[in-house]
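One structure follows; several queries about it will come next.
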């Protein structure tokens, strides 16, 4: 059994009195892609937002239970440090519109007040963009604003921005749902490549995507973790009737 | 979350500061008008005599002057401004002519009121005087009627562009549905556009009325500065704003000075009431629109 | 299908009415503008812009002191209203449901609806009376009170339009709240704020009523903000109300200068919106 770099214990999340994630205990194994899957409204997005403490930014939101990053309690750490160690990519590509591509990549450093030497910044920008398979496409206009890029390129820029912080875990919240099939395929390829160096948690409601690229699958339904296991096993012999019904398209 | 950082406190202080300015405005007006209100009581607002020489002050002539000029201006301008708004929002959508007229209207709305007053003084007053001579009444030239004309010229662009915005918010599919049923454009305007945009248009009218009520310079320059209750539409008069503009720097004696501030207080209360009414209408619209 | 002809007739009648009434109102509005420019443009020349006013009967006075005065007043008003206005606007947009935001919004509504002459009284009570004399400072305060609600409102509206996912992206990188506001939200909102501020500036530049008993007017050049100062709208008012043809002539010139100033503000504001537009 591999080691879990990140794990939750009895994690529950609330909006006011509304409990949207119900006592979830789940491990994430190092340098693997774990998919969090389920019909919309099942709490999967809220769940991963608890992992890097983004959930608590919503007024009235509350979390119970524990999240451990390398056995350290995430909720005992400073949230800004947690978010540096656990990067996030969102549903809609969201590069900073007033910053150049270059500045977008090192935005995490600029926004947290970390001064970089020019050479260091250059190195980080190039490595991150290469990792995000975007370098060749943008290297000639690094100092232009990122908003003229295509949706897929913008999303890869956001991935580069997250990678620049050298996170231990990368959370991707339906990163391809706003993209066309070609751009989606490129992002999927990229995720597989990235999983060699970083642990990936991917939220998706695209069953095919989950089966194509993930090593582990967690199936959520109505805020509960219904089933978790190696993807191959979950997809071939689901243990829970609800998982099976979802996989054959009965709901969602 | 609960803990406030110094940064958040500065934001909070700024918002509190704006609130304090508004509160202080009200309190200063109240405080400044206290001597007059003490001397005359609430009757001050309905007393018809304004006589600085005798130290007797009442705001009724100015209240009447203000309401008369503003509503007359509204009446005169409404058909015109609504026509422009329909023209720009419904008939001429897009196109060079439409954008030309729109920037013209914007430009006219941006002309400072003192310039309208000057134009009124030089062009409108002689014209009205001539008309009055033909009608065989005392040819002052200045007065309620002239002030209303100027005011209506000034609020046409305002009302028109506010109403145009509301009219353009009417969803296209609603209008297309009506057209597809064979309605004429007039029927679409009457049965779909106007009902949908009604409260927004009313709110726009109230905003323009608020502006007319408080408008100072243009009115001051053409209304004739008389503190009597106007006997006809052509008599010289004063509005609340114009009497303050005319007499504030010359006010001798605490009571005179405080009475002018009390007139300011009355003006402030009235415009604020119309503002609240306008916002209430807008709020109601946006709730209806959200459903 | 009853009365199709009648219906078409009504449609045409209504359209003609709209066109006719629009023409009826747009033409005079047009002619007013034309008239002002016709009277004013021929007055304007280099001397008019750079000379000081002269006594009645002496030809070729100028309005240099009024132009300088208006610039001083607008500068003071901007200084006093823009920084707190932007800050308060951010608060209102960021704390939509707090009690203070409710109060702040009401305050903005009240201030925006306050007639300019009443603002003049307020600045008189706050500044002129305690100081014992009219001053540019008092005029600046009066104009600042007029600008404040506009700055707050436009900042609030623009900041509200910033997509929430931009803030999320900054937080997800570990940025603190101040950094997120200063480095992500404010830059994205800046074009909108600048254009709102410019509109406010060009509007107050033409205000006369709040200056009547604050800045008061001055025949001479004055750079001291604690003394009375002249302003373009004041010159127009005083000269327009005078019985002298020569002064009225100068007032037309000043009118055109003022309109051009206001217009420039509007144009720049629009260009800013177009050219700087931040695409999300």
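As written, the chain order gives the labels A, B and C, with residue 1 at the start of each chain.
Just so it is clear, contacts are C-beta pairs under 8 Å (C-beta built on N, C-alpha and C of every residue); 3 or more make two chains touch, one makes a residue touch a chain.
Worth saying up front: this structure is predicted, and the values here are computed from it rather than measured.
Participant: Could you name the chain whose CA centroid falls nearest to the centroid of all protein CA atoms?
Facilitator: Minimum centroid-to-centroid distance belongs to C.
Participant: Please flag the chain sitting at the greatest distance from subunit B, going by CA centroids.
Facilitator: A
Participant: With chain centres defined as C-alpha means, what is the inter-centre distance between subunit B and subunit C in Å?
Facilitator: Measuring from centre to centre gives 17 Å for this pair.
Participant: With centres defined as the mean C-alpha position, give me the subunit A-subunit B separation in Å.
Facilitator: Subunit A and subunit B have C-alpha centres separated by 55 Å.
Participant: When the centre of a chain is set as the mean of its C-alpha atoms, what distance in Å lies between subunit A and subunit C?
Facilitator: Each chain reduced to its C-alpha mean, subunit A and subunit C end up 48 Å apart.
Participant: Using the touch definition from the top, which residues of subunit B touch two or more other chains?
Facilitator: none
Participant: Hey, what residues on subunit A touch two or more of the other chains?
Facilitator: Residues 59 of subunit A each touch two or more of the other chains.
Participant: Would you tell me which residues of subunit A are touching subunit C in their complex?
Facilitator: These residues of subunit A touch subunit C: 52, 54, 57, 59, 80-84, 87-88, 90, 92, 94-99, 107-108, 110-113, 147-148, 158, 161-162, 165.
Participant: What residues of subunit C sit close enough to touch subunit B in their complex?
Facilitator: Contacts found on subunit C: 7-8, 10-11, 13-15, 17-22, 24-26, 28-30, 32-33, 35-36, 84-85, 87-88, 90-92, 94-95, 100-101, 103-104, 106-118, 120-122, 124-126, 145, 148-149, 152, 177-178, 181, 202-203, 205-209, 212-213, 216, 233, 236-237, 240-241, 248, 251-252, 255, 258-259, 262-263, 266.
Participant: Which stretch or stretches of subunit B touch subunit C in the complex?
Facilitator: Listed in rising order, the residues of subunit B that touch subunit C are 5, 7-8, 10-12, 14-19, 21-26, 28-29, 31-32, 77, 79-81, 83-84, 86-87, 91, 101, 104-108, 110-119, 121-123, 153, 156-157, 184-187, 189, 210, 213-217, 221, 241, 244-245, 248-249, 260-261, 264, 267-268, 271-272, 274-276, 279.
Participant: Using the touch definition from the top, list the residues of subunit C that touch subunit A in their complex.
Facilitator: Residue list for subunit C touching subunit A: 97, 163, 165-166, 168-176, 179-180, 183-184, 187-188, 190, 278-280.
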